[in-house]
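Here come two complexes built around chain A, the first alongside chain B, the second alongside chain C.
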Partner chain A sequence: MSVSKDDLRDLYAGRLGWDKTKAIISGPKDDDRFETAVEVLQEQVSWPERILMPLREHLYVVESGGERVVKCDCGHEFGDWRRNWKLSALIIARDDEASLEEIYPGLRRPDPALCEVREFICPGCGSLLDVESVPVGCPIVFDALPDLDTFYAEWLGRPLQGVRRCEDLTHEITSRWGQAEL
Partner chain B sequence: MAATNGSGGAQIVACDAGGTMTDVIVVDRDGSFAIGKAATTPGDQAAGFCEALDEALGTPGGSPASLAAIEACVYSGTSMLNALLTGTGRRVGVITRRGEEDIFLHQRSRQSWAGYGHADVLHHVAHHRPDPLVPRRLVKGVEGRIDMFGVEAIPLYEHDVRTAVAELLDDGVEAIAVCLMYSYMNPSHEQRVAEIAAEVIAEAGDPPVTLHLSHELAPIIREHGRLNTVVLHAAAAEPSRAQLLRIEAALHGRDYPHPLQVLLSHGGVADIRYQRLHESTFSGPIGGLLGARYLSSVTGVDNWVCADMGGTSFDVGLIMAGEPMIDREVTVTRRIFNLPTLVMDTVGAGMGMFVSVDPLTGRITLGPESAGADPGPVSYGRGNDTPTVMDCALICGLLNPRNYLGGKVVLDVDRALKALREQCADRLRIDAHDLAEGVLELVASSMREHIRTVLSTRGFSAADYDLLAYGGAGPLLMAAYTSGLPFRGVVTVPWAAGFSAFGAAAVDLSHRYQKSTGIIVPDGADDGWKAAMGTMVNAGWDELEARASEDLRAEGLSWDDATVVPIAYVRYGGQLEDLEVASPVRRIDSAADMDALTDAFEDLYRRIYAQVATHRQAGFQIFDLGLTVTIPKVKPHLVRRDVEGPAPPPEAVLGTRDVYHGGRRQPATIYDMDALRPGNRISGIAVVEAPATTMFVPPDHHVRVDEWSMLWLTAGDQT
Partner chain C sequence: MTTLENRPDSDRRGDDGTDTGRRGLGEGGATLAEMLAQRRRQLTETGCYAGITDPHVLAEDPVRAELFHSRIMAALIAGRETTRLVSASPFVREVAELAIGIYTPEGDNIAQSIGIQVHIRCMGEVVQWMIEHDYEHAVGIEAGDIFWCNDPSVAGLHPADVYDLLPVFHDGELIAWVCTVTMEMDIGAVSPGCMPIANVERATDGIRFVAEKVGTEGRLRHDIELKIQYSLDMSDIFLLDRKGATAANLKVADEIGRMIGEFGLDYFKTATRELIEVERRNQIARLRQRTVPGRYRNVVPLEYYMADQPVSWLPARKDHIRLVPIEMRIDGDGALTLDFEGAGEWGWHPFNATPSGMWGGFAFTLVQSIAYDGRANLGSLLPVDLRLPLGSVLNPEDVRPLATASIWAPVIDIFSLWCAMASNAFFMRGFREEMFTYRGGSGMQMAGYDQYGMRRPLLAAPTGNFGSGATGVCDGIDAGGSLITAEIDLGNAEIWECFMPYLDLGRRLEPYSVGWGRFRSGACVPTAAMLHRSTQTIAAGVVGGAAEFILPNVGLGGGYPGGKRFNVVMRDTDVPARIERREPLFHELGHPAHPTYEMLDAEVTHPHHMAPPMEVNDHDILVTAIGSPGGYGDPIERDLDAIRVDLDDGLADRQIAEDVYCAEVEFDDAAKEWRVDPQGSARRRDAKRAERLARAVPVEDWWRRSRRRLLDHDIDPMLSEMYASSMRLSEPFTTEFKEFWALPEDWTPGEGRP
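Right, the complex of A and B next:
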């Protein structure tokens, strides 16, 4: 079963009926699903940079000026994809009763001694990009670091230009924390 | 297509109307029978029924034979289910308790994956609640509450009822289903709703709106399944009854002198005027179990694994000690119904399943979709070009292209081969014949695993069972899917294709009644407590008996002819599952009677589990009571024939044909199943052909025809 481009477009837009959606969930992926999906997404963004991989709603890893950066569909860039983009986002930390109460009123409110909720906002467009609910003091979660070179070379069979080592470079940001400029 | 045309004259007619085909079996007085098949005609089921009947009677297109001598005619089919699913049933409004109006949206979590394959059950993202049976707008809540002991906790707000009924009438409903909490403990609120509704309907000028109450139709614990059942009844039972009355009228027009009967999903049979006609909804697949139960009573083989292979699914059920297992809840079309139903475990493995290559893994994938009867497999040449399992069997030479369904369809082998080669074999770079053989083994292995699962998850062993293969496609793969399983015996029958219809012909007239209650007998309870609980049990049984005798009277039957068995569903305190216990006493009039009942439970428990599993320290609980009434009905007379010599008569040998097996072409002997005689033995490699079914006998396998014309398959040296 090959999923058509129109169906993928409807899927992203939340318009695809459940029968077709279920068939996509339960079925094997077509050989060209990734390419078709990227084509659909590329048509929908307003900027010209090539999408290498969709990360989540609004966010993509794109090729920009010879670098691979995380980019919001509004155009805002978060920097190298190996650094956790969340650290470059605006953050609402709900870590006390009052702020938690705003979204979890009454008995639904968790105990701020145990848990905090962090909302990550795009500085370019104000979209809510992600929410994490974690124990107090937990480092900001790096959800996924895709190994782009391996994926393109070994799965898609068309290697990307200029191999980058796939390693977590978030420490490049955190190591500057506590230094004078902050 | 006459299987064996006897001379005794037709006695019983039974029909299994599936979604695509209607099978009719006509059983003669001397035990011979004939099968007729026709396309199901959903608009007017009488048409398809009569066409299949005429074929079975051997009078297709000719002057219709008189049915004056027929003694019983039993119908089973899926029309009611289809009416519900396709929304062609009646428009139903629902009255439930206040706060429960969203029940069709909330459902039960189990329904979000009901009917899914294993992979989808595990993947939460695939879970999805089926569409509400009744739109939210047509569900009205009324205040009022009966508690779990049957005591009124909040009185019924009668003005709520008036408003609800008036709104539903304004919305044009044709039926109102009423389901209130704990109505099976105390129906007074539901009864009062019915009274008020009748008044409001009368005030509105008596539109033709019917009322259906849950405590009458399904007085069983758990609101959701109970409500689904009442809605099923309200939406589909009466339209379905109209269809059945039409069939009956057609039969009466040909001098059939008795009422038409309908098979119920718990294995009983009732007049089509039976109140709870919705119990016939899921009777399609269970006919085979009843046929096997009947074979038990005739042949003395009392433990069967019943394996039904059809176009889309492989259904497996058990007969233990001569009786099938029964569930009080059934999941069909992704919905849960409180309907006692014989247990069959289904897996998607049918002859119509599509064969394809997974683009990601490069592995062969079977299904999950099937070709159905129309357009059917590639070899039908009717527009489907995706190869199916059936095409693979044809490519391997197991099926005769010119003798399929009695020659009704001429199969195009080249077309099937081309499709399999181009879409699958070439992608895998293997020979198309090897692939076809591999596909059959793949299907057989999933069937084998299914049988293994059905047995092992219940703690049973194949060594205690005989396997009965039926369904048109069953005998084809029976050697393959039973391979390695230590069954006592493996058998099929010449009428395998019509076995489900045969089963419908082979049952007594019987009804089953059910009612929830709340009986608790703690360990060490004194005699006074046990007797008091006994009074509650008796009250339940009295109520069910009253209902049963009323039903029998309505059907013109005598209570004196009925065998009545009171049933209790007993569990140890705190358990989630219970066992159906046929009560050793008709009523519980003393502490000793209660002990007799709980002792019977423990005996059964010990037989199913083990001595060490018993735990009477937890006390006993009974949350459901039941009752069966049975009246003997004329049944097929299976004839024991004289055993003849091992050599088949010359007319049974049709010639040879190359089949592809074990990675090479081999000449197989072709036999005519209907011409084989009791006592005959044949050895593989062979194909035994009948008009509606084909049996494959691999090398080193042997078939013996016994005195009942049943075909026993053995592997290896023993014959």
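Right, the complex of A and C next:
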């Protein structure tokens, strides 16, 4: 059973009543959900680029100038989806007691000697896009690298134009930064 | 046909004494070993369970198939309730840590009852272990035989989970196994409790049954019963659980007999195997419907604080952290691989995972996240590949010498974070309502003389106090987030108080346990137990997750993970005097920076999750406050009315509303209600965005600063050792780590900061 665009829009916004929400949670999953979701989201953004995939809250992989880039709903672009978008964001690193206490007071505070709470901020709109809590020194986590071509060609049966090999290219950024350190 | 009336003819003799010509117990006289080898070969050659490339028997008559499956499920659920009703253990009766399943002769799970779904594959692994060790001939397998296993080096997640296995025969042929698991409060482990931490060698794990035949003809052997009575403080509880499990297994076996009478043996055999193959196909279909192919990642630090544990195997006395990177790959064909390349080394502690334990963890996670239609079985796991580096904390070379009391700890942490990874896949596919996260928790366990003067291990495990993570469309459920067993609850305080020499001081939802977000996680319920009428008691940590000082990375889409979990131990309290003066006691935590227990006059300590054993006395108070999993989305986008409701319900305070959610709130003294000002809130939120942009730096700047710390070895020595451990086991991890930080080829983690 399909979920209507109106219901899906309200579901995502947290505005759908509990009865309907519960029915969607508990019911059989709809095969056309992805298409409906992309339609809903495409109508909500102010820019014209085609959404290929919603990546996370606020972020999408879009077709832009023949490339596939990560874009915020505010319009800010983070570059090729195969490079971890977090490296092109702003960061607030909570790595001392004072900054951690702002979020986790008293007994709830993690130990800054061991734990770093990284907040990734969109440079365009100031939205908090991700909170990463990891050991100090841990490389930034590349949460999700969707295989867009396999998905569109083999799972949806409508291939995208111009196949791009799905590989992690984040090292291109860190390598450039590393060169500057030499 | 009943289970007991039909004897197997392993001696080639039928019921009438004639030679049946049977070599083995299996189909057509095949040995179980031959059947197991054939099943494995068929899966490899065809990719399909039992070589069923065209499952059609169930599909030809769907009504009959549905009736068949319903009969199996009804028998299993009734069997589970049988065990609960016989049992006297609060773990089983109150918390309901039990389940029952039916297996093929080769140990492949066909169906599971509701309950703790961890053991779907694990109990079958015991059957396969028995087959591989030629129990058919060397030990003998007959109708009515009772086998017990609780040794995690065979299968399972800790010795406290005891498996009761019963073979089911029809006309001399072994046609199925029925297996029940219950969690035991006492297995004779070193004090305290049944999941002891000061425990690094196998002997201190407690009594272990290595897939042993302990009964025949449906009756427990007298010598085994005596062994239990002489080995356990709570032998009565243990034996009653076994009786419950045996009754349940026999009840299900009888029902199988009736089903064969109605459906026919051929249908039973074919349909049970098709149930597995159809579920395998359904699992692939679900993955293809709800996820997106690609690569997903997360990292799990496992914190092990063993330096102060009073153990005699001295090499174990060391604090250390192990990193477990998780990479999930979903292929175009819907197959799912979990690769743990880079996991750190195993250690002398009871918290190493095992391949069986990891499969157990993935079993309950898949059942709760994807395969939740009541048809989960081995087929749910067949499209999955786990890659567990040998020698790592997930796959020690030899588990047998090790204590295994808390395999749970790494398993829960790892699959909690897997939920966050799967949530990213659900999000991308549009199924935001399927997103959720989970987080394990640790507490305190005790041992000593109870209020009746009896010496007992005292593990209270009210595991229904976890809040669940937020979904992508609504808040998580308060105190409703146990991933392990969906039906679990806290149990009645009054029942626990009958078993434990303590009084429950309060059961209140704790607002600061929450993971903040546009949708927040559910809140947790801390436990606060005051010792009461004990005469001599020790307490120590009990570990249901290995995260302590590092928050698990379970925030989703801008949501935060819940705060740090913590213990509080209050000794020499002034509670007796307060009671005498009729003054308030401590019932809820209050603000974590100035908790309400500070009103008590007491000696207060905050031991970590692996608290070494300590003596506690009457009126001492043990508090455990667990942390929730992740919130979803930017907290400053939270609906204002939801904030108001949280304030009115005591699930947020002014600080949370103003500083985290950036809402302008005021308490209306006259109406005794909170008010939220939309305009003021909008201004606060605009200001917050501006503050973030002013305060944040480009990641490149942060990267340079962090890289410099690594080059200078300016990190905690435990983290240096953590990275070194992963690098000792994994060249790919080493390469990628150095590549990310652009470190010189000859860089090593060093000793950490002096």
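In this section, the second predicted complex is superposed on the first by the 180 of 182 C-alpha atoms of A that agree within 3 Å, B and C clash if a C-alpha of one lies under 4 Å from a C-alpha of the other, contacts with A are read in each partner's own complex, and residues count from 1 in each chain.
As a working rule, contacts are C-beta pairs under 8 Å (C-beta built on N, C-alpha and C of every residue); 3 or more make two chains touch, one makes a residue touch a chain.
Bear in mind the structure is a predicted one, so any value in this text is a computation, not a measurement.
Applying the stated clash criterion after superposition on chain A shows that chain B and chain C collide. When both complexes are overlaid on chain A, the residue A:K29 reaches chain B and chain C alike.
Of the two partner chains placed by the overlay, neither chain B nor chain C lies in contact with A:K5. Of the two partner chains placed around the shared chain by superposition, chain C is the only one that A:I121 touches, whereas chain B remains out of contact.
By the touch criterion defined above, A:R50 lies against neither chain B nor chain C after alignment on the C-alpha atoms of chain A. Judged by the number of chain A residues each one touches, C leads among chain B and chain C. On chain A, the surface touched by chain B in one complex and the surface touched by chain C in the other have residues 25, 29, 31 in common.
On the side of chain B, the complex with chain A involves touching residues 117, 119-120, 123, 125-126, 128, 358-361, 365, 368. Taken in their complex, chain A has these residues touching chain C: 8, 11-12, 14, 16, 21, 24-25, 29, 31, 33-34, 36-38, 53-58, 86-93, 101-111, 113-115, 117, 119-121, 123, 125-147, 150-151, 154-155, 166, 168, 170-171, 174-175, 177-179, 181.
On the side of chain C, the complex with chain A involves touching residues 286, 288-290, 292-299, 301, 303, 321, 323, 332, 421, 424-425, 427-434, 471-474, 512-513, 516, 518-519, 549-561, 563-564, 566, 568, 591-595, 606, 625, 627, 632-636, 639, 642, 655, 659-660, 688-690, 692-693, 695-700, 702-704, 706-707, 709-710, 715-716, 718-719, 722-723, 736-737, 739-742.
If you check the complex, the residues on chain A that touch chain B are 18, 22, 25-26, 28-31.
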